[in-house]
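First chain A sits with chain B, and in the next complex the same chain sits with chain C.
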Partner chain A sequence: MAERPEQGGHAALIVAPAPHVGIPGSTAGMTWSVVGALAPAAAWGIFMFGAAAVFVLVVSVGTAVLAELLCCLVSGRMTLSDGSAVLTGLVIGLLLSAGCPLYVPAAAAAFAILVVKQSFGGLGRNWMNPALAGVVFAQLSWGASMARWLPARGVAESGGLPPLDALRAAFSTTGWSGRTPLAVLASSGYTFSGLDATVVQWVNAHVLSIVGVSLRPGFFDLLVGHVTGAIGTICVPLLVLGAVALLRRGVMRWQVPVAFLSSFVVLAFLFGGLSTGQGWFAGGAGFQLFSGSLVLTAFFAATDPVTSPLGLRGRWVYGIGLGVLAFVMRFYGSLGDGIPVALVMGNCFVPLIDRATPRRQPENARKGVA
Partner chain B sequence: MKPQGITGGSFLFENPATALVMGLCPAIAVTTRVMDALWMSAFVLVVLVLSALFMALIARARVSESGEVQAATLGRQRLGALLITATLTGSIEVLLTAYIPEAIAGMGIYAPLIAVNCLVLSGAERATRAETVANGVADAVASGFGFACCLVLIALVREVLGAGTITLFPVGSFGGTIAVPGLSCDPIRALGLAGGGLLCLGYLAAALRSLQTRRANAMAGKAGVQ
Partner chain C sequence: MTYSQSPSKGGVNPPDDSFVSRSLRIANAAVPSLAVIPLLQHVGAAARCVVQPGDHVREGMLIGAADGPISANVHSSIPGRVVEIRTLRLPDGAICPSVVVELGGEFEASGKPPKELPWENLSRQDVLQKIQAAGVVGLGGELFPTHVKLAVAPGATVSLFVANGVDSDPALSADFVLLREKPLQIVQALRICKFLLAPTRTVLALGSNAEELVSIYERALREASLDCQIVVLPSRYPQGHEQLVLGSVGDGGTQTSSVILNVGTLYAIYEAVVLGKPLIERIVTVTGAPIKGPRNLKVRIGTRIGELFEECGGLSGPVGKVVIGNAMRGLAVESTETAVTKGTTGVVVFGPREARTRTEWPCIRCGSCIEACPWDLVPTRLYKLIKQGDLVTAEKEGLSRCTGCGCCAYACPSHIPLAAVLQDGMSTRRQVPRG
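Coming up: the complex of A and B.
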């Protein structure tokens, strides 16, 4: 990647190969800061699922690093220190269940590095996000093994499925009632933790009773990530915290996640209930936003500079397109929670988006011409 | 067309599937089981060689009658190739349906579609431009075998990894299916999907391309030394 020319220096004419739009800092610095931003969510996953989560993360990161090392030895170019292999392995591990057999993270990481990234020429030449493509590969191959969930710490056996999966299971049988997802879950006998019951009861009694509304059981668990699910995806607040840190440092740009999440939420709110016969405005947008791998993918995979559009308009188009794809795959697809496959499909459109949305020339280049 | 060594001709580096990217629909669709790939390869090989033979003979007949080359128009040539291929495919399909129905069942719609397979049609058309009938047929044989090797190789990889089995012909007490230990319980199912087929084909093509480049470089190096 071309270094950004010094603004006040004497570098009047800089000849460099494309891309001409630089970002502050090096590639390695960027990847390692993303790894750091994901660390709190990973720690929360390990706290919730224990040693099993550590095994999954170690296997996925280890395999990714080994695969990268293998490619380095073959090509003679040492690229291990750029941190991208660690990041890829980490994202794969975070998107998997702690209860899945260990060949799943290993195969997903190996596929991500060997096939998706290195076969196309290494970092910067891959046209799909390696981590998410690895997860989709695993979903296509071992869907049943990946759906072996481990109940989170302090969650009863009847809460052993992720809320989203439990909701789908409830819809597939008869006897459910209610309009919002949490109501349907309650009617199907899905239970949240005791802590949730206490907190929700207290808030309902002391705070919300004043304005005459009440929260459903499960609201607190879902909000803080005290539910069964993939290791790194359950705790949305920590993911958002990491993302905010990256945004502040300028490592990440906000347009794609904002466009992605908001278009998904709008579509889920309007049409989400149609697929289950609940009618309009009954999709449970908040529930959908907080479950599955949506937030992690939106902040940490959709913003991948290699597989997202370069221009500002392109980023908006890409983000909204991802939201639409995510909505379709989540409510009408059959591959996991639908988000990884939506992202990978979105990646395929990026070259087209880049071509269809010509960028304004960067500020300094225009000055140079004038 | 000069008779070429087996590595330089349609078998390896001009392999119809990997280099010319022809006949991909059957190459992806029937390579989920080794047995189907074998049947498809044999079917394509027979149709390809026979139609090449007929087209070469017709082309030569036109030369000898009048004593000078009467170039048939491209349109007529293609129509002829299409008719011959379709007739051959139809006849063989009827025979197979009668005597080996499981082969037709495995190939499905891709058996009758050989009639319009671009690999077969282009092979037949190439045969009309061959110097001798034998050359034309030899080219078709090389091309057909190249396609067959490609198909069987892809099918082997896809079936072993994607399903954990190898399906062959049942002989005596042998049921025809070998289960690969360790893989058959939870195989890499993605490779059994169409995308997995394209992936295998892509890697095969890449391997051949890299072999070709390496060989060309070695030859260039040798010429440079001399």
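Coming up: the complex of A and C.
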């Protein structure tokens, strides 16, 4: 490499094929920025669940990194710096309850890295999202341990269940005894925080009374993530914040999450009430949207380019398909909140979608390129 | 008369530092003391050497004669003595003899006011003869002998003639500066081309980064009462590519009856026909971070590119890579001794940091290359097919449409050399019989 100009020419110029310029970012940089975008939601989870959440996250990220390191030693290729192992570990941890035994994150992360990712050839070659496949693996293996919830800070009196699980429990014991999911929860004795009561009361009295509507108790807790649930999933606004930052930087594309969430919401609104005997147009779509791992999965797992279709049309098909699968698995499935298994099922269809949505024949071809 | 067109699909916006070189007038580079003039500076057969070591040559004298139907004359760019006929490997890998001329003697043409010769009374054949004699080739980089392009077969009609003034790369401003400084000459050349081709429709295509040229040319064309439409195209790379310009300007008709010439070539046609001057110099954009004063230089063919750096105020730091052409598809040279040829549209210099090869990551199927490709290819898929050696499938999926524009590799966040591998695959494919 030429370090300084020499007289009469420049020694050893670099010769490389064109182009000699490129976009500023890199794949590794993109992965690390996704890790960064998840940090606020992770911090909220740690704040709400305390040290237990830290343990789960440390074990899941640590196991993922160790597993990746093991594969690096075997293959002789150092791939830790691409950030994908840390991201996988982080997503797994965020999708778990802070109360679950620590062998769950360890096993899920090890399965994700060793089986789902590296045995298929590492980053870019896995056909399932490693993190979500790891979570599904854990759900199938230790379903009961994974449902061991830790009550969030300030909402201990709720019985320690996430709203979605509490709704299921209420439905199985007392039936659908209200108009909306929050009303059912309220009538089943599920309590929300004092802050929620204050805020909802104030908004109802001072803002919404003007237009003659009112919010249910619990609305505020659900909105800001002041509820029990998986560590990283409870605070939807922080997840959306991270996603918007990635969208603005061009790291993430909007088509899949938009198609995913909107098809899910539409289906939940139309048919969500059927399974509870509420009939049509009574699915409590808003409650469903803010519950469980839906938002985190839609923005941070469904957008994983490795396990998404290549083309734009394929991405729309994939997103809508994920919404359908998520609806079916949440309302009629038996595996947790149904979202991780829906995503992993969606991954299985990606090669098929790629095949079924070929590139249209370009106009340039017709114009007789010499 | 003037209208804008929506962009072709795909493309990228590579960094553009041309605002400096755009603002300055074309400067004459110093006459080199030694000119290294390759005899293959065009598409087709190399010119036949007609001088011997020791011969004295005048400025603009023929030193290589066109050899065969597709070839072009080569002239000495300086007066002096032939010191050597050297066989050199050109940056694109071609090997050809080069005439090395040492400066000496008297300048017969330079420094004297140019005298315009009337050409209106000449026949088409005579005008073509003048263009051929001057060794004019496509100066946008395509290097096809211009007299072949402008020769219309008897009975054939040309439906569209396009003067392409859209920069091949927004960072290269040579065409823009030429258009701004020489409107009368360009309009004259347009008139010559219209005379030769008798096209149904004539278009001057300009880039959207050159809006100030529109009013200049509207006026120049009106004063010359020349029927020519101005079309403004988005200057997003690679909009200046001939096929994309024709695709945007044309009305969907067949391109077989279209002729497109770069504006640099038009100026060379003007010089050949009106001034009787052979093609011995061209405008070169010299730019890049280590260049202190990027600008457009009028450079004699055969000047070694290292000498151009001094013309631009010297270097502000170490050099890592020197590229002839543009940053998107130019060739990196091994040495600054490489000579400027008829095809040298620009010289782009990179510092050691910009020149380093970036870490390559695995393909994550992000689809950026697909969005960037102006030719509707799936570069990542073609790359994998070529790496597997399956060139037949790659061709079925459109490999032959790849023009090497470099957009896919530019856009790839994993820094995979997609464009280079695709071009490799194409040249391999051409060498093996079709199966």
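By our rule, the second predicted complex is superposed on the first by the 332 of 370 C-alpha atoms of A that agree within 3 Å, B and C clash if a C-alpha of one lies under 4 Å from a C-alpha of the other, contacts with A are read in each partner's own complex, and residues count from 1 in each chain.
Heads up, the rule we're going with is that contacts are C-beta pairs under 8 Å (C-beta built on N, C-alpha and C of every residue); 3 or more make two chains touch, one makes a residue touch a chain.
Only a predicted model underlies this, so the values are computations on that prediction, with no experimental measurement involved.
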Go through the superposed model and pick first if A:Ala107 touches only chain B, second if only chain C, both, or neither. first
Pick one for A:Val115: touches chain B only (first), chain C only (second), both, or neither. first
After the superposition on A, what does A:Ile210 contact: first (chain B), second (chain C), both or neither? neither
Once the two complexes are aligned on chain A, which partner has more residues of chain A within touching range, chain B or chain C? C
Using the superposition on chain A described above, determine whether A:Phe137 touches chain B (first), chain C (second), both, or neither. first
Partner chain(s) touched by A:Leu310 [first = chain B, second = chain C, both, neither]: second
Which of the two partners, first being chain B and second being chain C, lies in contact with A:Ser145: first, second, both, or neither? first
If we count contacts the way the header does, which residues on chain A are in touch with chain B in the complex? 101, 103, 107, 115, 119, 137, 140-142, 145
Of chain B, residues touching chain A in the complex: 186-191, 193, 195, 199, 203, 206
So in the complex, the part of chain C that touches chain A is made up of which residues? 12, 14-15, 243, 246-247, 252, 254-256, 306, 315, 318-323, 325, 327-337, 348, 350, 352, 354-359, 361-368, 370, 374-376, 378, 380-381, 398, 400-401, 404, 406, 409-415, 417, 419-420, 423
Okay, in this complex, where on chain A does chain C touch? 1-5, 8-10, 13-23, 25-30, 82, 122-125, 253, 305-306, 308, 310-312, 359-360, 362-365, 367-369
